[in-house]
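The data blocks that follow each hold one structure.
First chain A sits with chain B, and in the next complex the same chain sits with chain C.
After this line comes the complex of A and B, so read on.
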């Protein structure tokens, strides 16, 4: 059974597009990346899963339960970290965290102190005295303290310094090792690449592709750069070649196809240099995005 | 329960501020009354005023030179204070979550929207009752020096009961606005505007017989202090009307809040 199952989920804000016909399945125990540029519909999808907003069409299930009908029951087992955290300003961190913990039917105090220590969070301060990054830390401790089975992370690293990001990723990996499923939205490709096993790319509200991160990278795409004098780039116009760019004495392009075929074309030239690289996820992503 | 306790704590400061205003108001009122107390010249001045003006401020039904009469006139101002505070608490306690963007945190916790609204209604009700008790208590202290008779205390109790019904009507109106309006900025101002409009209705409905029907649209007319004083009873029809409006608004609040998108 999939932990998250989204079927034809659509959301319009009035006439403005939120997401259109999103279909996704996230399996138990995986770290699933959800990637796309700003405004693509990542937060909309997550807020629909939390039933903070309601869909215009389609449905979504978490743990096999409908997110609207059984929302509060589902949320007992969800840790949510929004991109920007807002808490009751006048409360102390410790009171806020205790308040949050009081909604879960288990003792979260030990875990709370442990997390606060890892994230170097001062529990005695008032929320409105905290910097943006420190508020984010409160969000992390609050989202993780009840050790849920599913984490919904929406741009979780924004505002954290690299050291804290690292600690956060370690925490997430530990939780994943414990068996928790992670749904990780981001526009930063490197962190998705580092963390996730599968990824869905969303663009202008629609899922463009869902793929294993390995496959996406392997997808036979090669980044090729040929250097030679008097190069005629038209020779490289064969099936599977994209993004062909000529720069002085060299030609750059992506190639997806039989590697022997391209090698023949390349070797027909008197080349002075050749590089064949794995494209970065960023480059693959741009390929879908453009 | 945890939401209720947090809300009561968070709103306690607001109760203290309103309590302070009420205490100040009662003391200023009583100080003024010391000039009217048993003063026949005051009566003569009032008699010379245009009757419509007196009617508008409900001053013709009362003898301002007695403490009972004075409280009868004060009732209007008490009513304005408790209804404005109730409507603001009602709308604010719901809409502040969206204003402060905390609603994303609160409703990603394992609670239903219904439970959240229930806890908030009860917390706002605590403030309303608290303010009424402050008003009642400080009145008892302030009038003690005039040694009022038992009829006054009976009248004061009726006034407070009447104020309570007005409070819950406007609390419910505030809750409905806070729940229904996605535009949180407007909830509070619409709530207070409604009070001013209905108060205006209550003033003009007394001035002209053709406008008499307006009295059903303004809770300020449901409980007439003159009737409370002279008949020592509250008109049950208006009690039911008040409870009916309250129930409708609360139910409307639950339904609209459960169905709408949160403003995040």
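After this line comes the complex of A and C, so read on.
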């Protein structure tokens, strides 16, 4: 059974597009990456899963239960960390965390102190005396203290310094090793690449592709640059070629297909130089956007 | 229970401030009653010099200022206004504050349903208003017994007068809540609560001046008019039932709207 199962989920804000016909399945124990630029619909999807907002169409299930009908029951086992965190300013950190813990029917105190120590969070301060990075740490502790089975992380690292990001990722990996499923949205490819086993790419509200991170990386895409004088780039216009760009004496493009076919086309020209590279994930990613 | 306690703590300061304010207002106002009542003749004469429209607007037409409750009725007007503003503040901010400060992202992602959240928050607001109410009742009884100077008054009428504050608090809490759920976002609660309370207050004053009955239907201040209660020792039941109906409809509609509400992230 999938931990998250999203079927044709659609959300419009009035006439503005949120997401359109999103289909996704996240399996138990996965670290699933959800990448796309700002405004693509990542947060919308996650907020729909938490029933903070309601869909215009389609449905979503978590742990096999409908997110709207059985929302509060599902949320018992979800840890949510939004990109930007906001808490009751006048509370002390410790009181906020205790308030957060009071919603779960288990004792979270030990875990809370453990997490605060790892994240170097001062529990005695008032929320409004904290810097943004420290507020973010409060967010991490409150999201993890009840040891849920599923984490919904919405651009979780924004505002954290690299050292804290590292600690946070270690915590997430430990939770994953314990058996927790992680759903992790980001527009930073490097962190997705580092953490996730599978990714879905979302663009303008629609899922463009869902794939193993490995497949995505060696999806036969080659980045090819051909250098030659008086090269007619139209010759390279065959199936599998994308992003064809001419720059002075060179032609750059991505190629996905039989490598022999493209080699024949290239060798038919008198070329001065040729490079064939593995594209970075960044480039693969950009490829889905242009 | 945890949400309720949290909300109560958040309201603590405001309850104390409002309660101190009402207490001082009632106590100080009543403290000058005994010296004024001695010259009641002069005072009533002076009142009759004011244009009648003015007196009607402030609910002071035909009020005998030498009688304990005649004089107290005017105090009541201010108590009504104060608790109405307090209640409207709570009503407007109950849900909107979480969305404005984006703490809704915290609360609504906890394992708790929206109905329960709203109920806990309403109960906390009602508790806070009940505390202010108790202070109003207490200060009224104490001030009257200290300063009435041996003059008689009708306890029943006093209880009815005090009950008006309870009804008005309920009215403004619920209507404020309903309005806050009908708009997408409230950036600042004060203009809304002041606007609603003083708006309806002015309509009442205006309605009294021009003698238009239709205007008295829409404002709770005329439903709970102190002058009427002092004169008749009773509520104007048909009008009171309008307020009660508005309260009930607001509660039902608020639960319904909140259950369906989209919580925006910006």
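Going forward, the second predicted complex is superposed on the first by the 275 of 290 C-alpha atoms of A that agree within 3 Å, B and C clash if a C-alpha of one lies under 4 Å from a C-alpha of the other, contacts with A are read in each partner's own complex, and residues count from 1 in each chain.
In this section, a contact is a pair of C-beta atoms (placed from the backbone, for glycine too) under 8 Å apart; a residue touches a chain by one contact, two chains touch by 3 or more.
Everything numeric here is computed off the predicted structure, so don't read it as measured data.
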item	value
Partners on chain A (chain B, chain C) - clash or fit	clash
Contacts of A:88 with chain B and chain C, given as first, second, both or neither	both
Touching partner for A:54 - first (chain B), second (chain C), both, neither	both
First (chain B), second (chain C), both or neither touched by A:134	neither
Contacts of A:250 with chain B and chain C, given as first, second, both or neither	neither
Touching partner for A:181 - first (chain B), second (chain C), both, neither	neither
Contacts of A:45 with chain B and chain C, given as first, second, both or neither	neither
Chain B versus chain C as contact partner of A:73, first or second or both or neither	both
First (chain B), second (chain C), both or neither touched by A:104	both
Shared chain A contacts, counted only where both chain B and chain C touch the same residue	13, 47, 50, 52-54, 71-73, 75-76, 78, 80, 82, 84-90, 99-100, 102-104, 142
Chain B-facing residues of chain A, complex	13, 47, 50, 52-54, 71-73, 75-76, 78, 80, 82, 84-90, 99-100, 102-104, 142
Touching residues (chain side chain B, partner chain A) in the complex	2, 6, 10, 100-105, 107-112, 115, 259-262, 264
Touching residues on chain C, where the partner in the complex is chain A	2, 6, 10, 101-106, 108-113, 116, 260, 262-265
Touching residues (chain side chain A, partner chain C) in the complex	13, 43, 47, 50-54, 71-76, 78, 80, 82, 84-90, 99-100, 102-104, 142
